[in-house]
Each structure stands twice: as structure tokens, then as C-alpha cells.
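Each of the next two complexes has chain A plus one more chain, namely chain B in the first and chain C in the second.
Take a look at the complex of A and B:
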């Protein structure tokens, strides 16, 4: 891929942050259903978690397979704190409960992090995986703390409402999450502009040279992990308030893999990547998950496509277009993009049909062979629907390839022009 | 400061280094005075780079002791030795490729200005660090490449940045490993001037193959052959030294 020069948008920074805040505040007025509120709340928490994860992966070059340990333990400590608060034996405002989670994350960061961060690369990844498994195993060993298979339940409504805020209604919890998400986003962005944040990049890129300019790379990684685990713990605390239940899943490998996927889909190379990634990830998990049993298949496929064809994630796709936008050359791309989109839609329709019909066939062909897909009702044991589905898939694939070639050529031309202009 | 009274900046005492059964450095004694420009020459494989790696802490010594400003640094980590005022460059350019020229140099000044692992300072607000980084960029002649990624600089520019990153922290002892390797004649001349300028009032030890550079810059020269220093003297005497001519120039002069 061609190297393009771009300047990060410092100018519009206030606009971007203000706009983000405004969108988050106004979203519930646009999407009024309870379902979307659940989704948006989860995305907010996911953004904090993924940004904290990207401190390790993107900023510090540490691939962790066990980041859920910190958010999960943060959630557990929050849920116990909340239950104590309900009993009156611990006085603390629910609004600040995520700080309990953050503190727990930080403490476990100290406990596990020092060993984990001794090495980077594969060693770090393996140790993080091991610690994740250990903590998950502990959840079954100490049912008193972890609540066994049922987990620990709680009630976030305690004491008298303050200014009408009881955190009973989901909308109040949503705005609590918005406030925490904005604060954490700002804090984590600020961190990237500090000496430690910059040296984390330096250690990621060239640990040897970092040592020869006076930095202990182990210490840089360790401190980065501490700050990351603090924010992960905050996400855990919010999870506890949002769901009023914390189970062993919260510290599990699946959760750790999820945040890795979200971060990677969004793009680890840019600060805002994990934000996009969380949005896409939770739409796939919650919204697509509500529609079809095959959601995990689609998520896996999306992840695969990103890794293969856009390893910088959605963020890199956006950033890639900034110089083109600046050079006012986007108009040359619209037509090829429209073609790619249209042919891609055919391919996707074919793929979804085949996948959904396969699921339906293997699960329900004996009891209920009728199914509805894209508004068409048909019998999954008939040949014609299969012929159509496979036809769409193969035909879509063939025309997509043509469309992508056109996109590739148009992109090459545009990049060429941009480079000539900047030279 | 204690070390100001010590006139020897770097001292090697019977330093040895073996990799497995192979002895690479076989008992090196050397004292480099404060403010001296010292060149280390010798045929390929003589152990010059290894000696640099020992002094800077990249490898641990197998035996003997190394003193920087009178303090033993044997067994210390590279960052600990750097904090004692010794900085080095690398034979193969070793910079932060994905950072701009400015960021490269600023990373190299942060520790020396006491910002350490701070996450409560904003980089943009660090007047002294930013000013120092600008100064260093000016002195290595890369000011107009300020925001260019280090990885896309030309070779000679990368070598200049390599020196910039090395000197940015204001270390009193500077080790340069083949600073002019692979450069054209005019680039080498520029590099010599740059090295002369940045090593002003500092102690410089350099490994160099270009004899023009060596005789131009060095106050004293050590000749390393098979892990031992066979001569250590001022340039005129090295030039006339029979053993040196046989062991070193004999193999190189063709």
C-alpha cells in the first residue's frame, strides 16, 4: 500500500470531542427503544474497555490475551462494594462506584503486571493467557467471592434518590455510562500526550534504543499496564451497575478475546480505532445476535476479512482517505465504491442466505422446514432456494472481483495524483 | 559532583568477554581521559563493536571491570549506564522508525531533563524538552525534516539522526560506532564536522574504519587486534608503529 502523509486533525479536535459528546447525549432521543439503549450502554462500556486494551496493544505493543482479568475483577469488587453499600456497612455514592472497580483493576495490575511485563512479544502474550486461565480457575475455587456458576447479583438502586437520580431507569444508567465514557476517553487520550505515553510508543517500536536513552523498558511496560488495568477496572465497575450481575464470564478468556477483536476491527494503530471497533463489535454481538444464531460466524468472518485485507482496521481505512479528501479527489472514487458496494451486497446476500439456510436445515429441517429470509418464505428442503442462494454467492463473488479491480485501479490513480501534488 | 574531580572518563580494567568457548575480548586495559577524542581501529572481527557493547551494557562482561566517571558499571543495565552519563550510537541505524525526527530526539531528552515516567506532564507543554529537541535538530542539520518519519529519511540523514539521538540527553561520554559507515565522501566530511561539533567538551570514543576520519578527529588511537589492544597512542606514533602496520594495515591496505 502506498505511503501517504497526513496530519492528525488537531484543528478539529474540539469539534470532534464536542460532537462525540453531543451524539452520545442525543442518541436516546433518536433511538427510543429499550433495546437500543441496552446496546448503546454496552457500547459505552466497551469503548472504555477497548481503549484501555489498546494502551497495551496499540500504544505499548503488548498483545494481551487476558485483559478481562482486570475488568472482571473490577466488576467483582464493585458488586461486593455495592452490596455492602446497600447494607449500609460502606458509604459510597453509586455514581463513583466505577472507581472501586478501577482501584481493584489497579491493585491486580500491580500483582500480575510486574511479572507479565518483564518481556514483550510472545512471552507477554503467553503469560497474559496463563494469568487469565488462573484467575478464571479461581472463580470456581472461591465460590464465596465469585458466586460460583450463578455469579453475584446486586441491586443498583440503594438509598434515597438524589435530585431524582436513583439509577433505577435504564436511561439514567445510560447517562452515567456516557459521563464515565467521555471522562475516560479524554483521560486516555491525554495519556498518549505525556512522557510515559510517548515512551510506551518508543518501547513498542524499538525497546533496545529506549534502554540506551535511559528508559527501563520493563518499567515503561509495567506502568502502562497499571494505567490500562485501572481503566479496565472502571469498565468492569460500569458493567456491574449496568447488568446488576457479575459472573465468572467477566474474567473469562472469551471476554479477553472479545476486546482483542473489537480493538483490532477498529484499528489498534489509531487512538479512535477501538471506539469504532467497539461500536461495530457490539452491533455484531447484540443487534446481529438478536437476529440470527449465526452472529458469531459473521463476527469471525468480519474479523478475518479485516486481518487479511485491512490490518489497520476501520480507522486505517478512514485515515487513508484523509489526504484524498484534502486533495478533493473523492469524486473519482465514488463510482468504483458504489459498484463495489452493490456487488458486495449481492455477495453478502448470497453468503447470508447460504449460512442461514444451512443453520436452519441442520437445526430445524425435520420439525419446521419453512423459513423466511429477506421477506421470502420458502421451504429449506426445496432445491430452488438453494440454487438461488448459491447462484447469488457465486455470481456475487465473480462480479465483486471485477468491482474490486476497478476500485484498486481508481485508488492507485488517486494516490498517484496525491503524491505528485505533495511532492 | 564527585566525578568532576576524576580525570579519567572511561576506564577498562582487564576486561574479557567470551561467547561460549570463544574469547572475543582477551584482557583489555584502557583509560580514556575526560575531554579526549579516542578512536578505536582494527581489522574486521577484532572485537571493536563487542567492546562498545560491553562498555554500554548491551552485553555483560565475562571478567574485569569497567568504570565510567570512576564508578563501576559492569553488570549494570544499559539504561542505568546511560543515566550515569554515557550514551552510544549504533553501527546499524537504531532509531524510532515510526516516529518523526522531532519525536525521536524528544524521546532521547526526556529522561535527562527529569521527566522520567511522568504521566502528569503534557508533552506539548514541556518547554525545556521541546527547546532542547529543536536545538539538537538544528545542530545535526535536520531542522527542515522536523516532522518527517525517521524511517523515510535518507541514509545519511538517518545516520545524523542516530548521532542526534545519542547526544540529545547531554551525556558526557559519547560512544559512536562507525558513524560514517556507508557514506559518500562529501557526506563523510559533513559527518566529521558534525562529530567534532557535538563532541566539543565531551569525551568521545569512536569505532571507525575510515582512516581519514580517524586521523582527522582522534587525539589518541587504540588498535584492537583479536580482542587485545596492541597499541594505544597519538595518531603520529600509531602511523609509524611497526606492529600496527603488520597486524592491521597489512590486512586492510589493498
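Take a look at the complex of A and C:
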């Protein structure tokens, strides 16, 4: 029987992917400082890592607290491979080094995955946490492989430059990361369209029914984890090239927590969610981290707010507005949004003041009580700045509640109109 | 013999402390189905509160006030946080408590700094309780054991003999029926969550000065408490008790034993040189493997007996 299949040329999809590639390639020409190049390199690696994580959380419904195991072990195998390559006992191009990491991730996926994927839900979460802690504890037991406290260092510039590419300058590494990121993004998107990708969704939504149809849910979860750990390993290999050092932090709980937060903040329900999430996450870590020591507090607060009020992440907020845009009703929302933004700014100013002043007070109230915030210089032991900060916080909260109510009402009206139009 | 007795006593006192944490966690789990990631954070808050209170009015008031404060915080979190994510399912609840644990650690950084604080054993409890062979056994360890056992008995009596305890027990298995009989089940949940948090806070008050009060203490104890709950069987108090003592004794003994596989082989008359295959593995001593053992136990348990020692359900 002839196969009947018609796939229309999906212009929108080509535009989005082409645009993403173009932006990634052109960004270094717009932002020329070294700082942004490091940031963008990390975002690129983070995108691969978060997308691989979302295969588990978003597509497979498995909440993992130990995903850094696969990327970290991938990074360790890459760094040892790179050191062997430098000695000449192992011949392999540096460009393809992430494949070594990917292979290592895959192997450990086979080792740990078969047991962990027997169950999903809380059991999976617990056992992934246990394996994460176990591997991290092992890193201190085997200093020969993990390098102990100092980690393993390497040099990515080995052999003769090929076509002028030596991976010495950061810009060359950035383009290597861009190439790998685009390839992995495309591959992971393609995976979501395969029968296995679809079955992963089915097993996530209704494992019992999937089993009745004749699929082995354990096998589907296991295969999903294998592919996910392969891509996590690739991210680890790129990390090794980017930093030229691999420490035990790479397999640690904080790294696992980071990828979970990045993915969830972006939105686990959509393919592009983790991409947005990584961008937000690394801007929080690096850009906000350069400004204040309390960046982790703000990150945690953002994560908690997303869990409480927008469990679909930023991606769901964007997707929510598409039908409204289509119905040309956005003009009804601008005013409430502007109000929410203005009152939110007051609330944020109050919060930031209280947090920064608390931090300054607990660290340096004895030695250097003077501090500058938003251009105001004051003494942190005085009462007035505290009164202003707490006033902003409480006042901002009160007026924000009004603004949120207005937004809620306007949104309800708009949704009502959209539904009536489509009906 | 002396080493054996002292280590057993230390292991039991540590295990009892762990049980104070795991009992709250396991009751909360069996009631709400939430594995509370922030449970160890309440332990940390308890220690910090006790430190702050004890610098002002002393240790004994702190012993009462700090756990109560932690309990109130726990209730507020259940009422205003956890209850509103409940509608999104268990994963959302797990993520909420996970984010909460992260935020609590950062708040501790914010207020008390990144290094440890000087939370000390009060002078009245500082000293030796009795002498065992040649070692003086510290009085504070005995106090820890006594406080844990006292708490244990009072929880047992509350759960089995009091009216509220019976309502709690009934709500574990048949929340709809209990609600139909006119009890406010959400309020029972809130009380249980607060009670569990207060218990963790109390563990922090008496554990914080026996060990170290630092921002990393929640992250150090948290995974161990999870291991206990999983090994003991999700939702089983008796299982959690056995597993707590098991892990407490296991950890105390393993950090003190300096034998490796090479020593064992030497006993049997086989010599393993430094260049034998996998030499790094054979020369590991038991004390070096100590941090891995609880997790190894948990993974093995989940493979061979997923419902735990005393558990009745899987997963």
C-alpha cells in the first residue's frame, strides 16, 4: 500500500530556527566585550543541558535531582581524553570531543538508568537524588580520576591549527559551542517528533494506558533517559573545552538543582522553554551575580514565584498571549500591564533594598556601615534607610495587589472575548 | 570493647536525632503525599533560632521557643504556600519545597553569613556524664538521647491516645470520611505540617550545638533523612525508627574504621600491591567510603525491596 503523506512547508518553523541560528552567529558582532562572550558561551552549553533535562522532566515526566551526574561524568571523561590527546596516546579531533562526553554520559545512563527508571514520580526523584549524592561522594574517594579538591586541568590547544582554528581564542570556542548547540537543539527537537518521543509523552500522561496498548513503560523511560544522558554528556564535554578545568562541582547537587531551576523557570511544558530558561538563569547567575552577592536569593525567589503563580514557566506566559495577539486584543491589556509593572517596580525596589541592606548589615555593619544603593549613599546602621526600604516593600505590596486584581479582571474579559470569537 | 560501646552510644544518639527529623518527614509524607524537601531546612532554622535566642536569654528558653517558632513558620508555609500549589499535583509540591529549601539556605546566608556561628553547648550540660573504661562520656550526648526519647514517647502517646491523634491517624487513610464526620482536614494537615516542622526545629536546637551550626547543615542532613525514609519504607514510622538507628550506627562506625580491602586480603594471606589492577578501589578504607554507604544502601534497597523495611506500599 502506498504511503500517503503530505507535509506542508512550515514557514514559521524555518523562520524561528533560522532566526535563532542567525542571532547566535551575529551576537558577537553586536556585543564585543569579553564578558558577554563568556555569558553567551555558557548560555549555549546551558541550553543543551537544559534541553536534555527537559527530555526527562517535560517530555518523560521524570523529575530528576541528579542530572549533573551525566554531564559531570561526561566532562570528566572528556578532560581525560583531552589530556591523553595532548600526550599523543589518543588521536581524536578536539572539535568532536563532546562526543566523548556524550558517550560517557550514555554509558553511565545505561549503568544507573535501568534501575532508576523502573518507577517514575517520587521514587524516581529520590533515587536520582541518591545516585547524585553517591557519585559526588565518590568524587572525593577517587582523587586519581576526579582530581580531588582542585579538579583536573587541561589545555584545549593541542596539535597544529587546522584552517587557522586552534581553539585558543574565546571566539573560536564560542562558535564551536554555537555549532554544537544548534546541532543538538535540532536533534532533540527531531527526537520529540519520533515515535519514541511521542511514547514518552504517553507514558508521562498515562502509564497504565500506555502499558495496555502494549508498550513497556520501563523501556520507554529507560531509552528516554539514555538519550537525555547522551546530550547531557555532550554539554559536559563542551564545558570541559570552555573552562579547561573540571572539578567535583560538575557532578554536584548544586549543578543538578541549577538545571532543574533553569528548565522550570523557562517552562517544562514547551520545547523552547528550557532555552528561555537557560538565558534567564545564566543572566541571573553571571550578570546579577556580578552586581550583588545575593543573586542566589533572587534566583530562588524567582523559582518559587514561578512554581506558585506560573507553573508553566515563561514559555507558558508567552504562549498564553498568542491567541490574544491573533484576536488583536492586546491593546486592552497594555494599561493594566503598565500598572502592574510600575507597582511591581516599587515592590522590587523595596525588596532589593531590604535584601541588600540586610546583607550589608550582617557582613560589614562593624567595619564599613556606609553603602550605596540606587545612587543613594547612606549608613546601614541608621533607622531612616530601613524605614524607607520597608515602606517601599510594604507599600509596593499593597498597591501591587490592586494592580494584580486589575490585570486579572482585564485578562478574564479578554479571554472571554477570544473564546466567544472562536466559538 | 571500649571503642565498640562508645561508638554504639554515639550511633544511637545520632540515630535518635535522625529519627526526630525522619518521623516528621514520614508523617507529613503519609498524610499529604509530599516528600518535603525543606524538612532539613527547618532543622537548620531551629539551630539558628536557638543560637540567636540563647545569646539573648539562654539555652533553656531557646529549647522551648525555637521549636515553637519553627512550627509556626511551618504552618504558615503550609497554609499560604503548599496548599496553593496542591492543585498542580505532587511534582509541583515537590518543586515548591525544593525551591523553599534553596531560598531558606540563601536567607540564612543573608542574615547569619556564610560561615558557621558559635552555637555552643550550655555550661550546665558541658561535662562528663559517666566514665566508660577510660573514656568520659559527654553529658550533652546523654541529654540528647533523653530529649529524643522523651519526644518519641510523647508523639507516640499523642498519636495513639489523644483525640487529635486519632483524627490524624484516620486522616492518613480516609481523609474524605474524616471530613464527612465534620473534622477540618485541611487544618489537621496544617497542624501536622507545623508539628513535623517543630520536631525538626527541636532536632536543630539540640543537634546544632552538638555538631556545627552552618548554612550547609541542611544540605548535609537532608539527603540522609530521605535515605532513612526510603529505606524504612515510605510513610512507616516504625520503619523510619529502625532505619534511623541503622544509619546512625552505620555512619558512626564506618567513619572510625580504618580497614581496607588490602588488609582483609592480607588477613587471608593474599598480598595486593599498589600496582595491582583497580588499586585505587582496593586501598579505600571503610572510613573513606563512609559518605557513600547510606546512598548505596538506599539504591540497593530500591532495587531489591522498593517498599523499604517496614513499608506497605511501593513508590
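One rule holds in what follows: the second predicted complex is superposed on the first by the 412 of 423 C-alpha atoms of A that agree within 3 Å, B and C clash if a C-alpha of one lies under 4 Å from a C-alpha of the other, contacts with A are read in each partner's own complex, and residues count from 1 in each chain.
Here is the rule we use: a contact is a pair of C-beta atoms (placed from the backbone, for glycine too) under 8 Å apart; a residue touches a chain by one contact, two chains touch by 3 or more.
Just so it is clear, the structure is predicted and the values come from calculations on it, not from any experiment.
Q: Contact-wise, after the overlay, does A:363 reach chain B, chain C, both or neither (first, second, both, neither)?
A: Once the two structures are laid over each other on A, A:363 reaches chain C alone.
Q: Per the contact definition in the header, classify A:205: touching chain B only (first), chain C only (second), both, or neither.
A: first
Q: Is the number of chain A residues in contact higher for chain B or for chain C?
A: C
Q: Touch test for A:134: chain B only (first), chain C only (second), both, or neither?
A: Second partner only.
Q: Looking at the overlay, what does A:196 touch: chain B (first), chain C (second), both, or neither?
A: first
Q: In the superposed arrangement, which partner chain does A:380 touch: chain B (first), chain C (second), both, or neither?
A: It touches nothing on chain B or chain C.
Q: Which partner does A:300 contact after superposing on A: first (chain B), second (chain C), both, neither?
A: The second partner, chain C, only.
Q: Could you look at A:50 and tell me whether it touches chain B, chain C, both or neither (first, second, both, neither)?
A: In the superposed model, A:50 contacts neither chain B nor chain C.
Q: Counting only touches as set out at the top, which of chain B and chain C does A:227 meet: first, second, both, neither?
A: first
Q: For chain C, which residues are in contact with chain A within the complex?
A: 35, 81, 84-85, 88, 90-92, 94-96, 98-100, 102-103, 106-107, 109-113, 219, 223, 226-227, 230, 234, 280, 284, 288-289, 291-292, 295-296, 298-299, 302-303, 306, 314-315
Q: Contact residues on chain B for chain A in the complex?
A: Per the touch definition, chain B meets chain A at residues 56, 58, 77-79, 82-83, 87-88, 90, 94-99, 103, 106-108, 110-112, 115-124, 126, 152, 165, 168-169.
Q: Report the residues of chain A in contact with chain B in the complex, numbered from low to high.
A: Answer in residue numbers: 3, 190-191, 193-199, 201-202, 205-206, 208-217, 219-220, 223, 227.
Q: Help me check something: in the complex, which residues belonging to chain A touch chain C?
A: Chain A residues touching chain C: 61, 63, 65, 115, 118-119, 121-123, 125-127, 129-131, 133-134, 137-138, 140-142, 144-145, 253, 257, 260-261, 264, 294, 296-297, 299-301, 303-304, 307-308, 311, 355, 358-359, 362-363.
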